[in-house]
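Chains: A, B, C and D, in written order; residue numbering restarts at 1 for each.
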């Protein structure tokens, strides 16, 4: 039989990136495009979507039940993996990447693919910045922290203002939705929303484009299957930045 | 292949754009995704099943892909009453609200929220993996009759969706008919399970789930055929339909229309694709095909 | 993949050569073909179901191949009492006689013909397409208990094969246990139908038939899992098994051994192939695997 | 779906070969090897095995329920076809073919495949001889009739005695089992049983190698799947020529 049941993997190593973000290295590699995600089964707890931060790692921010349960796992513990799923980022020659918090996870493999000229990295404070060293190795990193503990004191959007955005053929963005919405507003002003791509986070049950729990208004597109990466254009007149849905399907404001 | 002429389609009191409906629980959680499926060719859409209280559903994994089907245990996640807002923009469209409850009063309550907004109701008396709901009720003929009655009195077309996980589906079909159902929908998923041998545990968060897709098609055809022999209201066939020929086969078994769910996994444009194969100007009237494999 | 150590295998009072049995009705009509399947690696063989009178079976078509399974309605063809001669050359081999009847007396009669010639009985209380036999009895707990009792009093190990076409299979399993069954076999085929759209009629001569093969595997796993939670006798898993990993999955669900039928269609050497994958010297004892997906 | 349900065919024409043997020409061709058979579904009656006498014909002798029902069918009526099934005759360079009665059906396509040097054709009487003209066109035909109305007066086995069997590399046989058994006895005497192949008729329910109704003693081989063509060697110490089984599986003497 040729079933697509979750693939069991063992954790080889857990790397503590920050106090709230750990990278889990597993014993199996998955061919993927940067921006694609997997459904991670934490046995006995839940199954949650996670970007692949490399072919055999996921980088997880503690957020609730399932992610907290993962923080109690270590070497030898098992996870189930379905995927990779979704579209991933479009190819480009001269990319600008903009990462906020754990949003750096899908952008690291993009940067490693050698097409990102500049990457703007933001976080609340210095020791919450993700992947600074790895990113430094492969691209030109500019940093902003909300508290000014490293880099520019302020948001990544301020970093954008210092750049000549015209030299990039595409802009790839992943981070907290408020931050992404701010980026979208900025690129809209500059008339380059069509050059931008945003990786969305939505509540997902199936990851397969069937159940409908991740659909966005008003297009009805599925974040898990038609996304998670959407063009800024498409997101302009959408729910993006305004609300999302919880597990029951009820709207909740951002 | 047998092809049909597309004329006006009215089934169980509901006017449809064609014979193909989107099945309950498939891309049916938001008004936008229902609208998208209508624009992609569905002749009608059934919403996600809505119940008396908001529910988050079961812990994951909720859905896995098998070689020839899907196995799911969503756990009836739904926004409950708030869902009424989702479908306001779809007034006048062929939208069927799938509803569930734990007793006739709950069915009546949920129906009251939607009765002026939808073309019909579909009663989920068949989900095989929701404690106290769905098949927990749908296997008891007396409860099926009373729950159906609680909704059919609204005067809105009331379809009843049946579970195959019973000894005799015709007994349940007759109970729904006696309760005033305007049509039967056959069938919901087969109660099933897969175990991850690597993890040594059932693969679904809820352990038990429902099997849908091609694997169940022969069971669905059998149920429709049995119901056609024993009931007198229209039947909507559901379960594993993926091609125009599958649609014709369901109709020959006795279905007046069909619902399609899992096939959306392989191809979100499945309705357009099937329509292109199913209909042509010189096709047969559906009346010549429906139930023609009997006798 | 999980692999097993092959030690002595005794299940429900029957000593087997390994955990894999040939299922009833598959190449089980003659002593020669049963001997062939034993020589091709089956750890035990179940005969074609034998009844109180010779039967020719249903008119054809009797068996069609689907994408992911088989659909059959053989109609229990069998030579009745004469079958005793077929298996004389197989004395001392792990041969289980599958038997059927319309009531306890008929079961007792058929059992009397074979009781000194076989390692065990398997009661077919589950064939979904034989009027008055099989599932016609196997859906009634009282009849299941009395028919089981009629055979178990012989003292020969008595396995009872269950139908999935019931609302609650555990109720039937408990009835068999109460009747003195030494093991449960789960499951027989799913009641199903396919229609030839070109011919506009059901494809089987008997119209209704039973679905076997991969398509039903998730239903079989579910049934074994449910029975393991509610009964206390060993379970033999059956339905859609085609690979060593399927065997492990059935065992994790609670099966102490398995039966394999439809997979013979793709490969008559399926037993040898599965054995090569399933067993190795350093493998786990089966006790560590059986039922490990529970709790 | 990729199901193998019976393929519906329409009868284009019925050719009356003899009073008891008709050839049904259908509107669909099946790729096959000579000796392979199909399961023919006569709607509402039964399904029976029939050799393909060409890629779009079957040649049917009236024997019982299903074959009689077929004799009432004509142009435009439908049949369902599953197959082709079974092994067919082995390839050879210099073949002798021996046909009795309707057993000529699977041997006609073999002769047409241009490898049959000589064909022995037998029947009870002249007007029951099958395919005389078609066979004459493609091979060297020698005839025997039980009543002497055409050709040799006697059995096809007598025709064998007049031939130098040593010049053939294989011998393919199909006909009534008594006649085939006589041929087998003759070739055994001559020590060439291993060069012969016999196409067996057994009661068949599934045609797929699953149900077991066609298995032969003592090998347990399935006529539908391991056969229907078996080497003379294998048949020597077998039920062949002695008994077969009916629909219920009971033995019945030949």
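Criterion: contacts are C-beta pairs under 8 Å (C-beta built on N, C-alpha and C of every residue); 3 or more make two chains touch, one makes a residue touch a chain.
Predicted, not measured: the structure shown is a model, and the values here were computed from it.
Taking the definition of touch as given, a chain qualifies here only if it contacts chain A and chain C alike; those chains are B.
The greatest centre-to-centre distance from chain B, using averaged C-alpha positions, is reached by D.
Centres computed as Cα averages put chain C at a distance of 36 Å from chain D. Centre to centre, using the average C-alpha position, chain A and chain D are separated by 68 Å.
With centres set at the average Cα position, the gap from chain B to chain C is 33 Å. In chain A, the residues that reach two or more other chains under the touch definition are 1.
Shared contact sites, meaning residues of chain B that touch two or more other chains, fall at 66-67, 194, 201, 214, 245.
Note for the complex: chain B touches chain C at residues 1-2, 66-69, 71, 139, 165-167, 190-195, 197, 200-202, 207-208, 211, 214-216, 218-219, 221-222, 225, 245, 248-249, 252-253, 292-293.
Per the touch definition, chain D reaches chain C in the complex via residues 1-8, 39, 41, 43-48, 78, 80, 82, 205-213, 215-222, 225, 245-251. By the touch rule above, chain C contacts chain D in their complex via residues 25-37, 48, 54-57, 59-67, 70, 72, 74, 77-80, 82-83, 194, 196, 198-199, 201, 203, 205, 261-262, 264-265, 268.
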